[in-house]
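Following this line, the structures themselves.
Each of the next two complexes has subunit A plus one more chain, namely subunit B in the first and subunit C in the second.
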Partner chain A sequence: MLTFIVRRVLYSIPVLIVSSFLIFTFVSLAGSPLAKLRANPQFSQVTLHHLEHQYHLDKPIPVRYAYWVEDVTLHKFGSSLLTQQPIWPDLKRVMAHTAQLIITSELLALILGCIVGIYSAIRQYSAFDYTFTSLSFLGFAMPTFWLALLLQILFVDIYLKWNVRIFYTSGLNNPGHGAWSIDRLQHLGLPIITLLIISFALYSRYMRASMLDVINMDYVRTARAKGVPEGKVIRRHVLRNALIPVVTVATLNFGALLSGAIITETVFSLDGMGYYFINKLNNLDLYAIMAWLLVTAVCVIVFNLIADIVYGYLDPRIRYD
Partner chain B sequence: MTEPNPTLDRALEQTPGHPTAPVVGGEEVIGGGDRMILADTADSLVYEHGLEIKARSQWAYARRRFIRHRLAMVSLVIVTFIFLVGAFAPHIAPYRYDQIDLNNILHPPTTQGHHYFGTDSIGRDYFSRVIYGIRTSETVGLFVAFLSTAIGLVVGAIAGYYGGWIDNLLMRITDLVLTLPALAILLTASALLGGGDKWRISLILVFFFWTTVARIARGQFLSLREKEYVEAAKAAGSGDTRIMFRHIIPNMMGPIVVTGTLAVASAILVEAALAFLGLGIKPPTPALGALVVEGQTNPQAWWLTVFPGLTLLIIVLCVNFVGDGLRDALDPQQRVRA
Partner chain C sequence: MHRRLGLLLGAALAALLLSAAAGASVNFARNSAATATPKTTETAFERAWAAVPKSQKAREAKKVVVFGAEQDIDGFNTSLNCCSEYWAVVMGNSPVLRGAYTITNTGAYIHDLATKVVATPRSLTYVLRKNAKWNDGRHVTAADFIYTWKQFINPNNDVATRAGYDDITGATTKGPYQVTFHLKAPFADYKDLFGLIYPSVELAGQDFNKIWANCVCGKNGKPISDGPFILQSYTKGQGAVLVKNNTWYGKKASLNEILFKIITDTNTEIQAMRGGEVDAIAPSPQTALSQLLHQSGIVYSAIPALYQEHLDLQFGPHGVPIMKMPAFRKAIMLGINRQAIVNSLFGSYAPGLKLLNNLIFFNTDKLNYRPDFAKWNYNPKKAIAMLKAAGCTGGPSTPSASNNAYWTCHGDKAEFTYTTTLGNQRRETSEAIVQAELKAIGIKVDNGLVPANVMFGPDVLAAKNYQAMEFAWVLGSPDGQWAVDTWRCNGPSNYLSYCNKRVSALLLDSQHQLNDAKRRAEFQQADALMANDLPSVPMYSPPSILIYKKGLKGFKNTPTSAGPTWNAQDWQWTS
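For the complex of A and B:
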């Protein structure tokens, strides 16, 4: 097991280096960090030349990449060229908010999805199964931004008509309330529900398919034949094996979602990773965007690693390939 | 290498076990024998006096399976109808999509003046705008699906058939694409390079979509190139191109067609999300995603949110059902127990 982990960790280092280089090359080729300033008549050609020199923008891309890596590693991502503000404090703040949102919604979706998936598989083709199958098809086809917007409009209407505040429809919290206050929860409620619906569709389908794969295995029939009670067959023999792929998918999904539910956060103006990213993109603040992309790539790679290790732990066959 | 022998090649295709071989009466004829002389002569064969059985190809069977799939057929009809409405938008829409009528601002849906979906904040007819939005969505969806399937098929074929460094390179590229946050990269690309133009956005989408098909095509090629009929074709002197296009590709069209169909739905969804965030197709071109934004700025006018979103939902849902039906029809072994 230890060699397996070490090998996987070592493998992800070159992946990280290559993808950081790709991110840098891609963003640098696609746009110039000075584009916003060039459009502004206040900046003279001389100032622009000076900035270009100061930020090494006149050098070839590999050299600029080296300077960027130095900034990232030694100066905590450096500071934005446009605002002259350090990038890391902002990024740290929005990451905390996103983590709170994602952990809550994903855990809820995973628990509910597993329960519904297991029950649908045991009672295959029952009314329960059909209902949730149709609902999950709806969930797959649902444009996230539309779902979020409908929820927002619904709760704005509830507030305007009956003057009841169940959930706030935008923002992170009112001033003076902390990270674990009721107020914060009321703000996070709708984004959590949006993400919950989308992820629930995925997990319940996945759990059901995985259960059905296992339930027809020979060893399950053997267990039944030797007289193990049905509940115990499901718990001991089916569930334990069926959970393996679901746990892997959930881990991967989690890593991908840490980049922020870009759409959901934008709709609800929630000060998280996704909202930050869209703001920076609209301002063409390329250094902030590159820092964001790098952090996200790290998250994805780390959670891929965790998924591999978890998979290796749950299914020993994987370790020896 | 000898010259390719078309007659032998054709005979190979008719061999039982070759997946494109004709199938008689629903069951594949095993063992060949006298019944197998048939194929070249006609569509129908008589092997017992007075009893005529039509020889059906695999595709004919797939078509029958698909037509019997009720949900998929209904979805196909609906989605064809919606796409036709989009295609003939200039003839169907009662107004131009950018026709402003300041006397009729934020009018709820009504049959008066054909404002079936109401009007927006500067009095433009929303029904016409949604129809033109469908036109944009379907263009992007079909274009992206066709082009990315074609590119993915060719690249996947080359990688899977020849293997070696091409294969390695392709797999590393697709691995890397998977580690990057797809939506974020897409957004960055379309913000910096897209310029709000329909075709540029489509090309950016193609750039991200082809890898899926390439991976699937590669996997199929890896398993199919080891089949006996490919070996037999090689022995008969067929060249690589002929083997790839005549023997392998027709036998892997099932998964490719399914992936291509589902790509239409996801391209439409992604394009709508980009437009919604203001980084995709930009006005004046109406896009369904951008139309929903007008609903966000006017939350009291529910029709501005509901109609474009509902249209999008129905299109994507139906395309997904068609894709599922195609999977069941073309690729019965791959059927998910749903």
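For the complex of A and C:
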């Protein structure tokens, strides 16, 4: 296993290098970061040319890439082209916010999804199964922005009608000490619910399908025939095998979501990765966009590796050379 | 296997604890080169937010207003390229840092730090207010004005514009409260100079390009202000806190605190306003705002902003030859129902918004604005008659929505490409309307939607590579100075290659004309001439919207870039 991990890490390096070059090239080709400045009639053309020269924007892409790699490796992504402020402190801050949101919502979605999936599989074709199957499809079908807005309107209407503040509609504020104060939860409540509904749908379906696959296996029938109690059959023989694909999917999903639930964070004005990306994209802050993309690529690579490790760990039949 | 599951569960628990730690331990403050803000587990904004009363009644009692800010910012030194942002001005400049003049909501320039300004062809003399002070007790002096000037002309400083400052050759003082700047040429737009004065003592020795990344402060890190409020703190991604400045020379602010909460999504802003999380917002114009238009308990104000949406007609080599034909341009103007476009785009949330009929001034400017282009208001029959009279053939005899006959004028087809920003719903809508209306009178309009970064990049606008382009000039002040480089022959911002020598002469002279009445007349004559030439179709100014609780008074919506906080000292709760 250790050899496998080391080999995967080494393979990741050229993948990252190629990714970084592609990121840099495509983002650079997307347009000039000075475009917005040109639209200002009072903006001096001399200053524009000066900025182009200062930020090497008049040089070919491979040369600019080399400057950028130097910034990334030696100066923690360097500074923003537009603001000249260091990129890494902002990125670190927003990653922490997104991590808090995603970890909470994904764990809750996973736990609830697994519980519902297990019960749906055990009680296949029951009212419970049909109900949650329908709800899962509804959850899949709902656009995130629509769900987010509906939740905002619902809880504002509750406040207007009964003067009870259950959740806030925006922001990430945390008055008082500790990350789990009531006010913090009130602010994160709606974004967590939004992400939870969509992820719950995914995990419950996966869990149900996986359980149904395993529950019909010969060894499960054998266990029952031997007189093992049903609860024990489910817990010891079915569940832990059914969990394998679900945990793998969850790990991969988690890695992808760490790039920021863009729509959710934008709608709720949460200072996270997605919100950061949208702001930088709107301002064409190219180096900040590249840093975000690179961090996202690293997250995806790392969590792919973790998914493989988890899979191998859970399933003793899997052996990595 | 139990061990494996147990380990997994343990990892999940660790992840939960990690997320809690992440939420508790992030330090949001970014230190500028000169500040040394200590790291804390709770940000300044969070502490302030914790203390803000959550109900309107309680906020009234404590004289606190919560204002929803629609965008986060990159820094408070708004003279720099990086940070010349509207919300940076609203949060950290207008209520905090004063200038020689203040521009009111009607576009009038009133004395602020200067009690008297004398402009001659070769000098500008400022007599300063003796009771204007920084909050650390120092007076605002001539030294601050000179320091400000030097920052603008320093070639190492990445300032957005040096216009006017680079005409100053030197400065002499007469005591601490009078300074005379010597000019190499008359500069007519002197009222827009020194709109923001920097504290010379507090900033001495600092790199101008790096100051005020997350504060308006001196080199000791403490907030600095000569305005009615002090920027007590700013937390990236969350908001800013302003507190009353008791050393301000003017009538002391009624409010004790203004808290800006960053809410970037307009729909979320609306819900926050409905739900009482914020007391006021200044959102960008969007259809969703119609929900608040008739909401009880709210005052809704929409006035035209200093934002000139227009359709430039290209005269250069990349344009179509027919665009140089005056009758064709007039037909375009007559064939577009601009009021219908305005009603369609803004009717639901800014009813009554008027057309823009001037290429230099704006509707809110009662003194300077003349509706010179109103003579070209929608008249499709006249457009057809004009084209016929100019010798064009093949077009319809009457306007018709189902028309498919297009004009040919002396061998040139009546056709052009309409370039505008892809993804900008307003512009895509107006393009579609223009296409349909001009089709009805026999002019073919082709789609030319391009992404904004391409349109404003070196290959399209700057290269004058378009036939007709809809975009907007966004102005900081109502003065006509901006028009000089835009409409004069070979002006650096004259992307449409328009050249009328008389217009050019009038605009160039206006730069040095110190007599307000004569200067105004020059701009007005230039605009009247352009209304004959029709180099561009003025369309509208999108509304500047200000929405606030009925319990607040003193709020005055302004079209200028100073934003709603231009008179924050007058804001108060009514009981």
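Here, the second predicted complex is superposed on the first by the 306 of 321 C-alpha atoms of A that agree within 3 Å, B and C clash if a C-alpha of one lies under 4 Å from a C-alpha of the other, contacts with A are read in each partner's own complex, and residues count from 1 in each chain.
As a convention for this text, a residue touches a chain if its C-beta (ideal position, glycine included) is under 8 Å from a C-beta of that chain, and two chains touch if they have at least 3 such contacts.
Remember, predicted model here, so these are calculated numbers, not experimental data.
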| item | value |
| --- | --- |
| Room on subunit A for both subunit B and subunit C (clash or fit) | clash |
| Which superposed partner A:Y313 touches (first subunit B, second subunit C, both, neither) | second |
| Per-residue contact with subunit A, leading partner among subunit C and subunit B | C |
| Which of subunit B and subunit C A:V267 touches, first, second, both or neither | both |
| First, second, both or neither for A:V15, with subunit B first and subunit C second | first |
| Touched partner set for A:T3, first subunit B, second subunit C, both or neither | neither |
| Partner chain(s) touched by A:T83 [first = subunit B, second = subunit C, both, neither] | second |
| Touched partner set for A:T104, first subunit B, second subunit C, both or neither | second |
| Which of subunit B and subunit C A:T73 touches, first, second, both or neither | neither |
| Candidates 206-214, 224-232 or 278-286 of subunit B: the single one with C-alpha clashes against subunit C | 278-286 |
| Overlap of subunit C and subunit B interfaces on subunit A (superposed complexes) | 30-31, 149, 152-153, 156, 266-267, 284 |
| Subunit A-facing residues of subunit C, complex | 1, 4-5, 7-8, 12, 15-16, 18-28, 30, 41-42, 45-47, 49-51, 54, 71-72, 74-75, 81-84, 158-163, 209-210, 213, 236-238, 261-265, 267-269, 271-272, 274-277, 451-458, 461-462, 471-476, 482, 485-486, 492-493 |
| Residue ranges of subunit A touching subunit C (in the complex, touch as defined) | 30-32, 35-45, 47, 51, 80, 82-86, 89-90, 92-94, 96-97, 99-100, 103-104, 107, 149, 152-153, 155-156, 159-160, 165, 168-180, 183-184, 236, 240, 243, 247, 266-269, 271, 275, 279, 283-284, 310, 313-314 |
| In the complex with subunit A, residue positions of subunit B that touch it | 175-176, 179-181, 183-185, 187-189, 191-193, 265, 269, 272-273, 276-279, 289, 292, 295-296, 299, 302, 305-306, 309, 312-313, 316-317, 320-321, 336-338 |
| Contacting residues of subunit A [partner subunit B, same complex] | 15, 18-19, 22-23, 26-27, 30-31, 124, 133, 137-138, 140-146, 149-150, 152-153, 156-157, 209, 212, 256, 259, 262-263, 266-267, 277-278, 281-282, 284, 289, 292-293, 296-297, 300-301, 304 |
